[in-house]
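First chain written, first letter: the chains are A, B, C, D, E and F, and each begins at residue 1.
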């Protein structure tokens, strides 16, 4: 394993306490690993009008539309942590239409899920709907970029039949003060 | 535009004679541009048991399954050039089941198209089918990686309503000796 | 609320520690409440060759196919308890094809999910497939009855936008010895 | 066959002149038979703002959406009798959009058929649409309960490949005065 | 109305006792009327290895797959007469998988319904399946031609919201000796 | 081959420079050949408020929705010639939602594609939408007739796995003045 790949994995392990399985799965192709990680950071870590929790909501809702086990469970955990909400991931993983969302949040997920599963039906009316809810062109690009990246990621996970680490299933479910 | 982005675009222009619209569309987000190009090169340019023409076949067939105008027309052109076949792209763009394929080629596209549009239905039987046609784990990864990358790419193109450059429509359609 | 309805609800509360929301939702129609509970007990509590955990697997997999929040979360909890497995419900809730199942278990869920979402395509071949995996006519009826009952239940929950009790989200996730 | 089951079947035979096949099919599971019949009567026989003919319209339209032979033919017959209309069942069995319906009747069937085949897409907008056509919460529950009960019933009939009695095919087709 | 169109309609009326609504609907475009009738006769009246009843079975099953009211009811009537079977049309109109068919008959309808609703998925395997059931190239063409003609016919009837004549609903339902 | 069939084919060859494969494919059934040609001419050559280019747009968009290789490539060529536009066919063949259309043109293709692939969902609202864009009853019939005829034609082409003549792939792609 090249040093930069190993070092990136070790950094994750240090921060998270374990190595998410997706890193090991991609490490055998160092160039693809680097590109994936670079893409992920560019989209998920950038300074955006969409909060990190909102971006994780998109990941969970679109990965659920694709029935992707790894992404739903791993990013469901991250969403619980980011949103400080132990229940939200289960709702989005089952049916985002049941979530307590603002009209803006619902429009964001309607668009993302449509782009995930019926990309050919996206047209100007869909963009106009987002703009009517206050999203500007940069925001729309962010929604699209997150959705598109996980369209890629879901498919790799499906081919690998990638299992989420056990740690993800419980992460963020127990309120901090209950743990203490 | 950052110098490395500009320089990459100029290199393409020099080689191809024009700047494919996708480069300009992505350039406003340099980090995503770099990651996309790195991913593209890692997957499409790598030394693989799948020929470059085969990888373009996957791009055209899966992009057609997503009705993606930019990718079908631009990569259809590249496929005509790579396969030295003026007709193949129109067939794959309409219905890959009508293409003159070996059983191996048909299995490759059956898998890729299923992964593109019904990723949740992929299971061990699909991988076994690929192996029965002589694909090993690295080959399967290549098929999956091409399909996954264009699952991403198709969705960005749909949101941008990206138009292919006019040059692509005719590229590779006229046999070289007819042109000379 | 009629006495028999109230007494049934109190019995559940005593056993479980809380009143699952579905009971309150149905209680305003006592005759339908009684029929639902009678049907539920006849199918889910009967002495059957299918274990109670297997029947809950059918409930979770088919309710997930219908994206039914209440049934996926509530019966996911019951499944974790019945199967003594903290992870199984998240897998079945996302994609039963990723679960570690015997060939028999996979055939059972393939049939149940097909019956849930494409009942019109069920024919003799599907029954023959179940029999080839050792299910007899009574077992097939049990699979069908569980699936059919939750086809009903999912639809009522969808119209009510029924929310699962918070208790369900965590139930069965923490191993007993960790809790003690 | 337990006495209460037999007696219920005999009562139907006396009223109808024959024993509908569904009764014999369910009789081998007396507890499920009793629960099914109780549920059926609670939903189909209750005093409701929806007429019995309207409830049968829901049964026929949603069972047709599920291609359920027994329910379409048997309840088509009952609908002809209840609506005193020899043609209506054939229309609803083929395409409810072709039926001569009031706007209210069309909204009722649009909702019922959506709940039958795409329950996960039901949301507040669908309920608001029903209310705009004058349905109150009890009426909505009735529409949902009929649809849900036959979601169950259709699936049992499909697994049994249940055939309608020959009598149903002609029942209600010939006007009484023509018969006399 | 041109004389040849009128004379054709009068011939049908004389034979059938009424003018099927489709004739009047098409008569305002005499050239299309003539082409439709010529195509119909060429396909449905030709001397073929497929009996006329088998051809009507294809019409009813594929028109049912398209939920076409006029074609299902009108050709259901013709099928009852041709097959001398008062029940067969209701079965095929609801779900051809429930019909009592030979393996050959089932293969014929599986192919026809697939061609009707998923023509793009037809490939050599489908033709091989038909040949394995004894259909030769002329027979396959007949199945395809009937299906294709009613793909056209169904769409015209849908746009016209064409209603079947009342006479069709009862035709062929009452055995001749019962009538006498 | 009957003289009238041969003579029709020779006329096409004289005008076009080659014999489109569909003519040879249908010639073995002279009666069906004659009816098809008569229907085609009645619909495609009639004096209509829809231009011939508009009718070819309908053919290409609906044949693309059916993934029909022959019709997309052959009629794409005719469309390029009729519309004097070398790019339009590739756009409509991939995704008509990306074409530069007037609102009227978009409404025409929305209706035609819906009629092609979901005919059972057509209702009065669809016709009202067309009328709101200025189409009268004769125009609506023309749109429907073109769509219906190619619903037939696509299915015959699929069963034959009919290949377009090579000439079609390039026809109309090179502007006349560039050719001269």
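Going forward, contacts are C-beta pairs under 8 Å (C-beta built on N, C-alpha and C of every residue); 3 or more make two chains touch, one makes a residue touch a chain.
Since the structure is predicted, the reported quantities are computational estimates derived from the model, not experimental observations.
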{"item": "Other chains in touch with both chain B and chain C", "value": "A, E"}
{"item": "Where chain B and chain E overlap in contact partners, by chain label", "value": "C, F"}
{"item": "Same vs different contact residues, chain B with chain F, by half of numbers used", "value": "same"}
{"item": "Centroid comparison with chain A (C-alpha atoms), farthest chain", "value": "E"}
{"item": "Chain A-chain C separation of Cα centroids, rounded to whole Å", "value": "29"}
{"item": "Separation of chain A from chain E, taking each centre as the mean of its C-alpha atoms, in whole Å", "value": "51"}
{"item": "Chain centre separation (chain A, chain B; CA means) in Å", "value": "25"}
{"item": "Chain F residues counted as touching two or more neighbouring chains", "value": "67-68, 95, 120, 123, 161"}
{"item": "Full enumeration of touching chain pairs", "value": "A-B, A-C, A-D, A-F, B-C, B-E, B-F, C-D, C-E, D-E, D-F, E-F"}
{"item": "Chain D to chain C touching residues, read off their complex", "value": "29, 31-32, 34-36, 38-39, 41-43, 46, 66-68, 115-116, 119-120, 122-124, 127, 140-141, 144-145, 147-149, 151-156, 158-159, 161"}
{"item": "Touching residues on chain B, where the partner in the complex is chain C", "value": "120-121, 123"}
{"item": "Chain D partner contacts - residues on chain E that touch it in the complex", "value": "64, 67-69, 72-73, 86-87, 90-91, 93-95, 98, 161, 163-164, 166, 169-170, 173-174"}
{"item": "Touching residues (chain side chain B, partner chain E) in the complex", "value": "95, 97"}
